[in-house]
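As written, the chain order gives the labels A, B, C and D, with residue 1 at the start of each chain.
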Amino acid sequence: MNHLLSWIIWLPVIGIVAVVIIPRDKGTLIKQVSAVVTGVQLALTIYLWRIYDGSNGTFQFMESAEWIPSFNISYMLGVDGLSLPMVFLMALLGFLGVFVSWNINKAVKGYFALFLLLNTGIMGVFLSLDFFLFYVFWEVMLLPMYFLIGMWGGPQREYAAIKFFLYTLVGSVLMLIAILALYFTCGKTFDMLVLMETAPIALNGVLWWGMSAIKVIWTLLFIGFAIKVPVFPFHTWLPLAHVEAPTAVSVILAGILLKLGIYGILRINYTMLPDGVFWFAGALAVLGLINVIWGAMCALAQTDLKKLVAYSSINHMGYALLGMAAVIAGSSMGGDNLLAAQAGLNGAVFQMFNHGTISAMLFILVGVIYDRAHHRDIDGFGGLAVKMPIYSGIVALAFFAGLGLPGFSGFISEAMCFIGAFPVFRTIVIISTIGILLNAAYFLWAFQRIFFGELNEKYKDLPEINRMELFTVIPLAVITLFLGIYPRPFLDLISETMNILIDQVVSLGGLVNLM
Amino acid sequence: MITGNIITDFCLLILFLPVVAFAINIFIGKRLPRQGDWVSVGAILITLVLSLSMLMNMFMNWDPNFSHEVQFSWIDLGAFKIELGFWVDNITIVMLVVVALISSMTHIFSLEYMKGDIRYSRYYAYLGLFTFSMNGIVLANNLISMYIFWELVGVSSYLLIGHWFEKNSAANAATKAFLTNRVGDIGFFIGIMLMFTAIGSFNFQDLFSGISQGMISGQLLTLAGVGIFLGAVGKSAQFPLHIWLPDAMEGPTPVSALMHAATMVAAGVYLTVRLFPLFSPEALLIIAYVGGFTALFAATIAVTQNDIKKVLAYSTVSQLGYMILAVGVGNYVAAFFHLLTHAMFKACLFFGSGSVIHAMHHSLHELNDQDTDPQDMRNMGGFKSKLPITYWTMTIATLTIAGVPFFSGFLSKDAILAGTLAFAKHYPQHFLLPLFGFGAAAITAFYMFRLIFMTFHGEVKMPKVFKGIHESPRAMTFPLILLSSLGFFIFYTLPYFNPFSDHGWFTELIQASDSVVKGNPTAEEIYEGIHHAHYPAMALSLLVASFGIGMSILMYMKKKLSADIWAAKMGFLYKLSLNKYFFDENYNRFLYQPVLKLSQAIAFVDWDLYDKYFINGFGRVTKWLSFLTGRIDYEGLDQKLVDGVGRTAQGFGNQLKNVQTGRLQNYMLFALAGVIVIIVMQTI
Amino acid sequence: MDSLTNYLFVSASLFCLGLYGVITRRNAVAVLMGVELILNSANINFVAFARFSGMNMAGHVYALFVIVLAAAEAAVALAIIINIFNNFKTINVDDVSQLRQ
Amino acid sequence: MADLVFWIVVGVTIVSAAMVVQSKQLLYSAIALLFTFVGVTGLYIFLWADFIAGVQVVVYVGGILVLIIFGIMLTNKITSVNISHTSVQRGIGATVVLGILAGIGFMIINTPWYQVAATEPEQTTETIGRLLMMDYLLPFEVASLLLLGALIGATTLSRKED
């Protein structure tokens, strides 16, 4: 397997071809084919995980081919400790997503073709090392998402889809400008590896309109990625899109798409604009704080279960932002506190992964109850624990994982983010620990309203969660639990890459004060 | 003689056997014979045996400095490392025995008490989880594992308190317990972060040595200490986070016994005991005041409660306040001693109350009476004859808690009070602390006997119910007998037999270590102070205890003083106490509701204002702009400018129309003429 | 007669005459004849250039193709003319002005 | 001698061509066209293009001309002797055409033509055949397709509608 990464990216495209060929009326066959394709993809990523050398944090399994040589654009792929967990997560959620979508009966062919295309787009973003390719995949991913929300979504689907699309499009336009700015200032190349070396030097001291070029590019890229994360003022597409999207798409949206933002910031902003990291870290921490508190407060007030989970995503991403900001602790300005930098950055990436599994679990579970009761009003249930003991047990597990209970992976990553950010942003972290409490408050309060108390007579015949649904949730629960008890398999895999990243930021950045 | 690796193995078994039982019961418990209770009971009995063998080993070693530590690398990122592990010393071993003992008693007691419950196997599973979490705290050698199990204790208590979740009150109590604990946990976590940032390790020994090297000191250290203590405030239900504990009585009574004697609430005290060396003098002072105040404050509430379990609940809060107070004045060994004795008698009292409630419940059930509260002491009275075993065991436990000589409570309470007295002697400005202590002791004696008298003595209040009361089965009386007998002083003073001195294996094997913070008195100095305060404290405590008991006898047994008249006389105070100083109401009004309102306001701002007007505003502005540009484009540009061009062109066209003959040949001619022109021009 | 220019002049004359016919004639068949003249003039050029550049036979081949083309063109054009005649009863090009505005 | 014959041939060609475009009678034009074709054939012979000359006779004289005459016959009632055959814009047309002729003539005279001397080949048919079958096979096939297309097209177009 010399082209393992290419296979992982393009396998779903083969699936699309197959799905398109299969006649319209054979819905089950389409679903089976999609399951097989994503299953093979998952197997490949597991294989990739196994043969990836964690002790060497650099890019591995590189592939490179000329694409548009006149603009120095190439087809370049590679995987490191930052992208590998995301690739695995995508493959896993893509595979489970097929089973979550098993109940889809409207335009099955189109749905699964788009679903697979989404898979390819996201995989491509995570694996491409060429900036142009990155951008192309970024846009490829957008389109199926738009249609998936817009065609298979809830009652407000068109509004949600357009909102999502416009929001993200604004982000990608800003990103494109930044990409081009980097291209023209740093030796006309889209090669990320080259840019990582040249950009910090080439941009040093460059002024545009009286402002440092680094600041300009950083801001453009940051807004582009922040919309995806979503960071506080750019977050309102998320609840709507999550609520309106079909379950499997919500799963992908929360599980993977949000990670693209942070992945982009770490992969591009951090490596290419290390000076900007020092300029922006404080703001990043403040935004993290706002995300944590704002998201939690909004979640507390929700009566729609899915919206609650959506706001919890905003809340959880705040922790990752805090952890990311901690990287400056590693520099001489931050007190040479390498411990904090490592804890923060690893925590942020771990948090990304954990939020991927946990929120996916939450969305699947919300989907389960929605399928049965046809509404998601938290106050409209009551006492379901009597009727659905297994379901309530799993929801309890997911909620506890979501509120950062030790024993679940979310706890470790949140704790690491906090511990990492603490030395540099003491006050901010102390305030944001309130988030831990609010986190527990909204989850437990919702849990109590849905499952405790007297059984609502309307739902005395509600069927228990079925096998197919259990099958989609259990792998996620097992991963969450396993990594919560023993996180080393994950952290050993990423830590070397994070060390390289810290080194890049610390050694190249923060040396000059930006204008 | 067990050493080294074997101890590690024992600890691993003790830690993980309950959680294995949990896993078995939660997944397949329902399908096992007897719903799998034997799995849990078996597992906990094995841990009890293992703990006891470790205790025996401790006796055989007789080494006050025994210490054993193992750890493994949990997270290793290069520079950032977290190592989890065990730290076993004599305190750990004693605590393990307490946990295993109380937990196994709870398991046995529940066999009868919970018989026929709809979620019987789940109940046993949760008990296992609870025991596991507590053992994790006991064995922890670092702040992170401490915190992990700390939270797990929280979640197990959530599950158990909410066991009967069909009742809204139980569901509320569970959520409240978890959230209140989380408030404390936040402080704990901040403390952990402060410590780690300064010292770079989570390990207790590293922390101690780091602090003694001055890596963290002054205000920061105080802050870290207070933060960690806040965790204990939450778990041990100290003022002002005590509110969850009385509500937690919604859980099954054996759970209350487990929670209040050995696990949950003991965790907070255990934490402060474990980390005593790192508290700065200022932090200790805060601890002392919080503890002392809680002790008195909770006792005053307990006086007026009528629910038998509520009385015990506030009594627990009060007793925990005692322990915290002891830690605060530096006498942390006494605190741990009291934790140990308290575990026995409080478990016994809860089991006793459970036995009473069980009997009441059955009787009411037979009468088909749904309205009478089986926990209300006003419905009881004269049960002495019907429940002899329960009566005697509870009386022994009450004597123990009241601090009557020959019982263990006397010794441990005396040690605490001596510590406070010595402290106040040294720092006369803190004279309040011993006052808290002695005041609470008096009130404790009073309300505990009030409980005994109201329940077991006096006239029968409800004859119908009374008729149906029967002594509980053996599985329930056995723990009562065992635990009440452990209330005798002898078990704590061996190999000595002086009922007025706590000198014994405990004091010999568990010795205070010095604080690592400069400015704190050394263990030696504290010991000296206590030694001098020992006899005055003993005399005083005997005095207040007999005062309390005497008052109680006068009021509730001899009826010489009417409780009602006194209540009326104290009017306002009585009301305050009865309503628990309106804490829940005020928290609700000034904390929960405002937070909820704020959250709704924020959500409204986020969704209905920010998103709808600001974000969508962009869309609207764009739409308006596009409309405007559309207008400009069409009416201005298109109609005037572009069409103007068009009209001009039309004019020309009209002129040129004559050229357009429509004859192909004409066109060709013109084309050729053009060709000629080109040729000519080329040539020129 | 062995001079290239002679042939070119002949060809040019034929071309111009053909052009004149195409421009001036009203009868479609006559226009067609003019076209044939033009094609012939082109052919003369091909063959003449072939002869005076060392008997390059490619010119002959092109001439051949032109003839083939002319035959096809004539056939189709006449068919169209007949069709037009059947529809309009005239073959005068400027009478057939349905497309004229 | 050969020169004389050459100029006679040239004269016949040009004069008959002029008659084609000038004659008032369409039928005369057609007959004049025949002479033009024959004259061009003569020129081909002077140019050592024996095969092309043969093709010219066969295709033009035997094919196209017959076709044109058929066309004339079909589109004009055979009884009407005077086939309407008028011309338009003669004056301006002649001027323009003369202008073009002047231009071309100017060009012919002033251009330094590339010339290579050659001997008369025995025959050209074989060479042309080789070329057609090898170098120009594709155009050849395309041309045959074109012819086929034209054939079918012509048939369809002229078919009387049922």
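Keep this in mind: contacts are C-beta pairs under 8 Å (C-beta built on N, C-alpha and C of every residue); 3 or more make two chains touch, one makes a residue touch a chain.
Because the structure is a prediction, the values reported are computed rather than measured.
**Student:** Pick the chain whose C-alpha centre of mass, unweighted, sits closest to the average of all protein C-alpha coordinates shown.
**Tutor:** Chain nearest the overall C-alpha centroid, as shown: A.
**Student:** Averaging over Cα atoms per chain, report the distance between subunit A and subunit C in Å.
**Tutor:** Whole-Å distance between the two chain centres: 73.
**Student:** Which integer distance in Å separates the CA centroid of subunit A from that of subunit D?
**Tutor:** Spacing between the chain centres: roughly 78 Å.
**Student:** Could you please state the distance in Å, as a whole number, between where the Cα atoms of subunit C are centred and where those of subunit D are centred?
**Tutor:** Using C-alpha averages as centres, the distance is 6 Å.
**Student:** Find the geometric centre of each of subunit A and subunit B from their Cα atoms only, then give the gap between the two centres in Å, rounded to an integer.
**Tutor:** Computed value for the inter-centroid distance: 34 Å.
**Student:** Residue numbers in subunit B touching 2 or more other chains?
**Tutor:** Residues 663, 665, 669, 672 of subunit B touch two or more partner chains.
**Student:** Of all the residues in subunit A, which ones touch at least 2 other chains?
**Tutor:** If we look for residues of subunit A contacting two or more partner chains, we find none.
**Student:** At least two partner chains per residue is the criterion; list those residues in subunit C.
**Tutor:** 19, 23-24, 94
**Student:** Applying that definition of touch, give me each pair of chains that meets it.
**Tutor:** By the stated definition, chains touch in these pairs: A-B, B-C, B-D, C-D.
**Student:** Over in the complex, which subunit D residues touch subunit C? Could you list them?
**Tutor:** 2-3, 6-7, 10, 13-14, 17-18, 20-21, 26, 29-30, 33, 36-37, 40, 43-44, 46-49, 51-52, 55-56, 59-60, 63-64, 67-68, 70-72, 74-75, 83-90, 93-94, 96-98, 100-101, 104-105, 108-109, 113-121, 124, 127-128, 131-132, 135-136, 139, 143, 146-147, 149-151, 153-158, 160
**Student:** Report the residues of subunit A in contact with subunit B in the complex, numbered from low to high.
**Tutor:** My answer: residues 166, 236, 239-240, 294, 297-298, 300-302, 337-340, 342-343, 346, 383, 385-386, 393, 400, 405-407, 411-412, 415-416, 418-419, 422-423, 429-430, 433-434, 436-437, 440-441, 444-445, 448, 451-455, 486-488, 491-492, 495, 498-499.
**Student:** Show me the residue ranges of subunit C that touch subunit D in the complex, using the header's touch definition.
**Tutor:** Residues of subunit C touching subunit D: 1, 4-10, 12-21, 23-27, 29-30, 32-34, 36-37, 40, 43-44, 47-48, 50-55, 57-58, 60-61, 63-65, 67-76, 78-83, 85-86, 91-92, 94.
**Student:** What residues on subunit D touch subunit B, complex-wise?
**Tutor:** Touching subunit B: residues 88-89, 92-93, 96-97, 99-100, 103, 106-107 of subunit D.
**Student:** What part of subunit C is in contact with subunit B in the complex they form?
**Tutor:** Residues of subunit C touching subunit B: 19, 22-24, 31, 93-94, 97, 99-101.
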